[in-house]
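Just below sit the structures, each encoded as structure tokens.
Below are two complexes that have chain A in common, paired first with chain B and then with chain C.
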Partner chain A sequence: MIKVLFFASFREQLNCEQLSLEEGEYSALLSELKRQLAEKGDAWREVMMSDRTLVAINQNMTRQDVTLRSGDEVAFFPPVTGG
Partner chain B sequence: MEHVQLTFDPLDVNEVTRHVTSASCGAISLFIGTTRDNFEGQQVVRLEYEAYDSMAEKEMQKICHEMRDKWPQLQNIAIVHRLGLVPVTEASIIVAASSPHRKDSLEAIHWAIDALKASVPIWKKEIYEEGSSAWKENKECKWKNDES
Partner chain C sequence: MNDEQLLRYSRQIMLPQIDIEGQERLLEARVLILGLGGLGCPAAQYLAAAGVGQMVLVDPDTVDTTNLQRQLLYSSLDQGTPKAEAAKNRLSAINGGVEFEVVEDRLEGEALFEQVSKATVVLDCTDNFSSRFAINAACVRAGVPLVSGAAIRLNGQLSVYDRRQPDAPCYRCLYDEQSNESLSCSESGVLGPVVGTIGTMQALETIKLITGFGKTLHGRLMIFDAMTMEWQKMGLQADPDCPVCGHDR
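The block that comes next holds the complex of A and B.
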């Protein structure tokens, strides 16, 4: 199972804070997961395909297309604006 | 010693100062970020902050470690970020550090607030007087794709 998290404007735009995907419900590659989530609707496609969208896996930023493993936590969020 | 914290409570400058105070240090430097009442001509009534808690704490710890690498003389460091509603004039962030002499802690906290704004997964939303709101965009985010 993997956990997928959404923050800030994405959380509002998708009306979703968190998803759990069981083994078999998600694709192995991050890029495939994004394509899969993009099919859920227009707002999802916008977030998944935007080059503004940042991704962290297990709390580490990633720009590469990585293989997802059970237990992974994938987070999608906009550019950070703390401080 | 490093004290890194996310809290929904109002920030207490005295408490943060106590975290970094050290008998072997002659300097404590402190930065406080507060909610400003305006942005691009609009009246802001408050900011709302949201965090990816586990990752934000990790990134704040990384910042502390980098501060020590760059300024080995630093004694204690504290970074505290408030979450939720932060009304105008109230503090959203305090970065503090102590060092034997003032140059190190002054430079270190300047670097630290810039680093925090670039990399810590926290987001702010501006709430305007007439009720509308907007999620802010930092120019400083280091992961923005168009800056790579």
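The block that comes next holds the complex of A and C.
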């Protein structure tokens, strides 16, 4: 099982804080998981397909495509630039 | 330090983490603050009060009515005044011992690099990606630590990019330069205490970098959500392929 978490404005945008995906319900690669989640609707597509969306695997930021393993925690959160 | 300074800074000198030595480091430090909006105001206010010796205040904008809800260095009377000048006036009143340099322009290219090179610590308090990438590149080139804060709506992000540390990541390791579309406060809104919280923490990290106590946010990205009052802490590693800092490893 993997946990997929959404932070900050993504929670309201997707109306979702967390998903738990069982073995067989999620793709092996992060890029595939993003494509899979993008199919859940327009808001999801916007979040998952944006190159500005930040991703952390097990509380570590990543910009690489990685293989997901059972027990992983994948977190998505929006970029922030204002000041 | 003279008696007036010993008294003025006594409450922080009392802390073993600051002590006389830390206060002397603050008095000798030169801090570059880029952007004097919702982040820059509290950051500059705390750093001036703490006795940072020299502060360079940079902002190309003038004070506008819509700034007053969150940019607490300015009053209604400052509307139309350049922010850097209005900030200097207010900060001088808070602490006349600080030496100020004012830049009422956007610092770019070599002028930016020159100011960054002279600084002990740089604070990125700007509101757009292009300034942030330029500031990061100058800090990497000059090897000067960068305290980077950002806030929008009810969210904030904060980190320290300290090139003096081995394998330090830079801002470009976190954000891709294709991410050029920025969310601005004028379009998305922001709540004063949210941006104020991040700016205040930028001042705190700056004091730590100058005095050398504690563990800074080097290698960590803090993500603040005011909706739930939650902080997330994410590890941030250097990207070996980073076009800004990767090639010199």
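Here is the rule we use: the second predicted complex is superposed on the first by the 79 of 83 C-alpha atoms of A that agree within 3 Å, B and C clash if a C-alpha of one lies under 4 Å from a C-alpha of the other, contacts with A are read in each partner's own complex, and residues count from 1 in each chain.
Following the convention adopted for this analysis, a contact is a pair of C-beta atoms (placed from the backbone, for glycine too) under 8 Å apart; a residue touches a chain by one contact, two chains touch by 3 or more.
As the structure is a computational prediction, the values presented were derived from the model and not from experiment.
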| item | value |
| --- | --- |
| Contacts of A:D51 with chain B and chain C, given as first, second, both or neither | both |
| Contacts of A:G82 with chain B and chain C, given as first, second, both or neither | both |
| Touching partner for A:Q59 - first (chain B), second (chain C), both, neither | both |
| Partner chain(s) touched by A:G24 [first = chain B, second = chain C, both, neither] | neither |
| Contacts on chain A seen with chain B and repeated with chain C across the two complexes | 7-9, 11, 51-52, 54, 56, 59, 61, 63, 75, 77-83 |
| Of all residues in chain A, those that touch chain C in their complex | 7-9, 11-12, 51-52, 54, 56, 59-61, 63, 75, 77-83 |
| Chain A-touching residues of chain C, taken from the complex the two chains share | 35, 37-40, 124-129, 132, 149-157, 173-176, 178-179, 181-185, 188, 190, 195, 221, 223, 225, 227, 232-237, 239 |
| For the chain A and chain B complex, residues of the former touching the latter | 5, 7-9, 11, 51-52, 54, 56, 59, 61, 63, 75, 77-83 |
| Chain A-touching residues of chain B, taken from the complex the two chains share | 33, 49-52, 54-56, 58, 81, 92-93, 113, 116-125, 135-138, 141, 143-146, 148 |
